[in-house]
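The letters A, B, C, D, E and F name the chains in turn, as written, and every chain counts its residues from 1.
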Amino acid sequence: MAEPSLLVVSAHAGDFVWRAGGAIAAAAMRGERATVVCLSYGERGESASQWLAGRTLEEIKQTRRDEAAAAAAALGADIEFLDLGDYPLIESPEAVQRLVDVMRRVQPTVVLTHPLADPYNGDHPAAARMALQARVLAQAIGVANADGTYPGRDDIIGAPPVFFFEPHQPEQCNFKPNVLLDITDAFDRKKAAMECLPAQKHMWDYYTALAVRRGVQVKRNAGPNLGLPHETMGEAYMRYYPQVTSILD
Amino acid sequence: MAEPSLLVVSAHAGDFVWRAGGAIAAAAMRGERATVVCLSYGERGESASQWLAGRTLEEIKQTRRDEAAAAAAALGADIEFLDLGDYPLIESPEAVQRLVDVMRRVQPTVVLTHPLADPYNGDHPAAARMALQARVLAQAIGVANADGTYPGRDDIIGAPPVFFFEPHQPEQCNFKPNVLLDITDAFDRKKAAMECLPAQKHMWDYYTALAVRRGVQVKRNAGPNLGLPHETMGEAYMRYYPQVTSILD
Amino acid sequence: MAEPSLLVVSAHAGDFVWRAGGAIAAAAMRGERATVVCLSYGERGESASQWLAGRTLEEIKQTRRDEAAAAAAALGADIEFLDLGDYPLIESPEAVQRLVDVMRRVQPTVVLTHPLADPYNGDHPAAARMALQARVLAQAIGVANADGTYPGRDDIIGAPPVFFFEPHQPEQCNFKPNVLLDITDAFDRKKAAMECLPAQKHMWDYYTALAVRRGVQVKRNAGPNLGLPHETMGEAYMRYYPQVTSILD
Amino acid sequence: MAEPSLLVVSAHAGDFVWRAGGAIAAAAMRGERATVVCLSYGERGESASQWLAGRTLEEIKQTRRDEAAAAAAALGADIEFLDLGDYPLIESPEAVQRLVDVMRRVQPTVVLTHPLADPYNGDHPAAARMALQARVLAQAIGVANADGTYPGRDDIIGAPPVFFFEPHQPEQCNFKPNVLLDITDAFDRKKAAMECLPAQKHMWDYYTALAVRRGVQVKRNAGPNLGLPHETMGEAYMRYYPQVTSILD
Amino acid sequence: MAEPSLLVVSAHAGDFVWRAGGAIAAAAMRGERATVVCLSYGERGESASQWLAGRTLEEIKQTRRDEAAAAAAALGADIEFLDLGDYPLIESPEAVQRLVDVMRRVQPTVVLTHPLADPYNGDHPAAARMALQARVLAQAIGVANADGTYPGRDDIIGAPPVFFFEPHQPEQCNFKPNVLLDITDAFDRKKAAMECLPAQKHMWDYYTALAVRRGVQVKRNAGPNLGLPHETMGEAYMRYYPQVTSILD
Amino acid sequence: MAEPSLLVVSAHAGDFVWRAGGAIAAAAMRGERATVVCLSYGERGESASQWLAGRTLEEIKQTRRDEAAAAAAALGADIEFLDLGDYPLIESPEAVQRLVDVMRRVQPTVVLTHPLADPYNGDHPAAARMALQARVLAQAIGVANADGTYPGRDDIIGAPPVFFFEPHQPEQCNFKPNVLLDITDAFDRKKAAMECLPAQKHMWDYYTALAVRRGVQVKRNAGPNLGLPHETMGEAYMRYYPQVTSILD
């Protein structure tokens, strides 16, 4: 049985907090390894307020890096930055190879990333496509590492399930959740991580309300609708591959 | 935590064996309750060889009832027959009410039924629609039982997950499995149940081969493709409602 | 040019408030006619707390009728109750004929109703199917009224656009909004209407948060993402027929 | 309120005439700005008759450029040619950057382009993908112009709605119109523009018949089917983003 | 090898002419049997001009019956009328049983009917659902005839392919043609049949233009796009079941 | 009438045997030309057992080349290897140009390739996209050959139908067969070809069972379900473009 290891591939710094902070915190609270890879800082496309404030590109990248690092720490996750640039995030064999190497090092048992469509932000599906391609390549014993060496039988990865996390406008992204995650216990950590991103203060309430909303659905899909009050918080995911199980539940 | 209880709603006698025998046997082998409800015997539409042999309607119904009962016993499940008639299986409020009563009695924690489309057999989606409607009605404290009494708070059912089992021509039925069940350990029982249906001997091999095929997919979705031999047997399912979980895996 | 007339076909009392209150209030505030038709009171399926409190069927129907009437008044709409029963709401030619008569009387220029799929509540798509069928029949000069008379050329209806309002779990209902309605100015009325439904107090916040969420999307689809604060409130809709227009915007 | 400005992104010279000539002419007739950007001349893939006649590549490009310019003038639109080559039209960051610059200069309030699928012509979806990507990048204040300077707050664009115009085989391109545009008044100009393309004389009738067909649908979606004669001409479009509105109609 | 026999199941008198006249005429011209079954006359929903002219229900039914009979004769087909009523065409086991009997009598090798969705006319999908159900029931040796007798082995039908013919607004009906039928040689007969329906004179041109349009697609899918003139006429169909063949072409 | 010529575009050596061996053998047995183009050898992604055995990249390529050549010979097909590399197979204009040249040389009347989605192997859809693009470019008289010369009117290709062959996990690849090919007579040759691939011995049974399964569907879609034994073997395909025909059957 492989050691649990959660890998989150995020197009921009910040995405992993709003969209998957609960899952990450829950894994960390179970004592499992969690790793976030930010392909870019979101320096061009997701930092409008800082551009309006006259900050330079390098300043913005540094700020976002610091904030993301603080948020990852609050969640209990490791974080790496590939600094591939955003708007657009350009797909390349080299970038995919870097992800292959990360995956072989981290040996993920679960992968989280963006869904494959987003009419509002092309970087998100680009990140997802690279993550998915890397996951397939990292499984193959005939695909070399970045340094040209070949992996041994224990270096390749298994077939970790992939979950897409929730985009900002889910219906427009063909995001139909098929997994509702109960994050009630992890929500305090997610809140702490959100508060590491002070420039987006208006998002704190927004994503708290979303957690309530998904929490209502957690309850609704787990029992009859008696209208009783509850405090369940949730996150929504979309499983990409079939679930493999030995019990239906 | 509710006692595990598996309910299978099958349009015809026989369906539950070929399509869900592994899941039923696995539940029984875990010591859980499993109940099969056959809405009809499949006496008109699924018994061509017996009609060709000149059997009467009543004889055919009796034969199929006996075979199905034997197969259920082999799997370790209870079985009930609603005898609603087939080809066509006609939907009605009364039939749905009977299913509501069954559900409140059985208190299912998991429901298995046919998928919602089948260009080859309209009884299958009709069964599924009735099962789904009954599941929603059985949750409602304001919906009476067949005898006009109202359920108490403990009599209504929860929100059991629903899984569609695999139809004969899956792609034509828009059946895209999102759950692959490992039935390796339960396969012997499934085989024994199939052998309770001697008129369909040619199906024994067919559904054994399908179990191999789905077993290959179980392996493929759980690890890298090293091409190593294995004996995994599987069944494919399609989850209708989102999975509710407190851990992504 | 036809006089604006908004018709809302709602499976249960209450639905029109949470899901379309903003659109109704906005129409009323423009001085337009708005009519709500409740096919049932939701007495069995949407009144769990009252059943738990030991109320009788008739008491529950009366309470829900009173509340819905008060909410309609708060929005500025007329309301009618067809009392067809719920859980299940049963489709019938007679029920459709009653809707045909309503439509010919009300002469709607816009129709709002439920979307066509809802895995959690079969009454919602049943209401939608009847509303859609009635809309087509009410257009036909050869289809009689309930009293057997035939409509004159001015009695039939035009081809009013149909909008599906937002269900409780939109993604599971294949609800992909293609119209985002700005209800900022109408929100106070919607809030007043929600407060006419005291048994569902926990829903007030829930649907306020949803209005904020859809309001964020209103802004996001109308201008660049500068992250500036705003107070826009929204409702989401799904247009069923193509929009007819003489200008693209 | 932004000044109306229509931008049409066309893979080849000619596309904009057959597919969107009515919308362009209608905008121009309202006194609004309309700009056509042809990414290529369609010199290789859409000029078979000229190749058959032994013309050279440069001659063909010149002819198509002249014809397209004449057609744009007939419609009342400005036109620009990026000369990116066709068959295949190759996507590149540089080409997208040029579109970003065009958009920031033109400040479109509406964008028209090809749909995202076309089994008969890969240039069409390539053009659409570049147009959509450019539209997102042009909104971002952190994305530089081609000359390396950064845009000011008034230089970025808003979130103009995008409409896909009708492809040659709509059903094969998953083109499901959700907007039917009445172009009755603009049709004379569209006809004049079509006649600027003498090499495709057989298309004049074809696209006139299509305008009749879409006009019939304009009427059918706007009123009952009384079978009365009318002269409505139409064009079909597919809205990519949700419509934002303050009134449902 | 079964004798070719084409069966067309049409909701209203008239539908078969506009939508499948070419296929019917082509079959007849090959000397094959062709049978049209009209479930209703379209007396209420498709006869607006006659209602406007003050005709009675019985007069309208008679006129439409006569016209349809003349059109069928022009095409070379037999025709039967089930007179089930329209607007709405109500599905029932009895109506389906009548279709079962027709099918066992006619022994169709090909079935044509309406597609399964039509937002403009609920009778069309109702007809299709009944035709599809009857086709499945008519195959079953255990399903009795209307007179209570059971079919012999030669009385049941095979598994004739089903083709949906083209609805009035194809994209709105999810009609994606996967078969383009060349009706060039049969078009004169189709034209003659259309002219048997004088009340719908404006449709003659409309459906001639559609035949041209589908003919262009016939050519486009059969060879390169050289822009050469041709006179091909076509009809579009959507195959419901997989094609069975011993050669890919 | 063009000479029949079957072209199979395969991402890796081996794919064409398992997935389309029956169609290829059947064409060859009819005396038709059949050509297989392998874009890569599958040396990295599909050769795990050889990597595990310590073989070098060049050895693996040679082995797979030899095996594929033997299998093609057993089927009766010509074979070419483009050696573009796998895992990932990288799309490029140059690779597409090579396919254009192959197509103009081979003049295919039918093209077989992979379906457009495959979550398990990105090389498969990449191959399909290149094959489809090449097919469109090869039709255009204005698209040059690799050597810079222009094709004459007889050098371009027609519009050969394209069929996607069956992927390993069909439902996950959105593979919905719309053509079922009877390969009963050709199966012996397919078996012989499979046996040319000794390293994948466990696949021989697997793909024999699949041929049985598809054969059952061939029968089921061609006649009533009498449950009689038969020996039909089949392969499943998905037609990408509409079928063009002068007879519906």
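Keep in mind that, in the parts below, a contact is a pair of C-beta atoms (placed from the backbone, for glycine too) under 8 Å apart; a residue touches a chain by one contact, two chains touch by 3 or more.
If you're wondering where the values come from, they're calculated on a predicted model, not measured in any experiment.
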Give me the chains shared as neighbours by chain C and chain E. B, D
Moving step by step through touching chains, the smallest count that connects chain A to chain E is 2
Over half shared or under half: which fits the residue numbers at the contact of copies chain A and chain B, same or different? same
Once you find the CA centre of chain B and the CA centre of chain F, what distance in Å lies between them? 37
Listing for chain B: what residues touch at least two other chains? 48, 52, 120, 140-141, 153, 172, 177, 217, 220, 224-226, 236, 241-242
Report the complete set of touching chain pairs. A-B, A-C, A-D, A-F, B-C, B-E, B-F, C-D, C-E, D-E, D-F, E-F
Which bits of chain A are touching chain C when the two form their complex? 48-49, 52, 120, 168-172, 174-177, 199-200, 202, 206, 209-210, 212-213, 216-217, 220, 224-227, 229, 236
Could you pull out which chain E residues touch chain F in their complex? 4, 6, 23, 26, 30, 109-110, 112, 139-141, 153, 156-159, 161, 163, 177-182, 217-218, 220-226, 236-237, 239, 241-249
Considering only the defined contacts, which chain C positions touch chain E in the complex? 93, 96, 132-133, 136-137, 140-143, 150, 153, 240-242
Complex interface listing, chain E residues touching chain C: 43-45, 47-48, 51-52, 57, 60, 87-88, 90, 119-122, 172
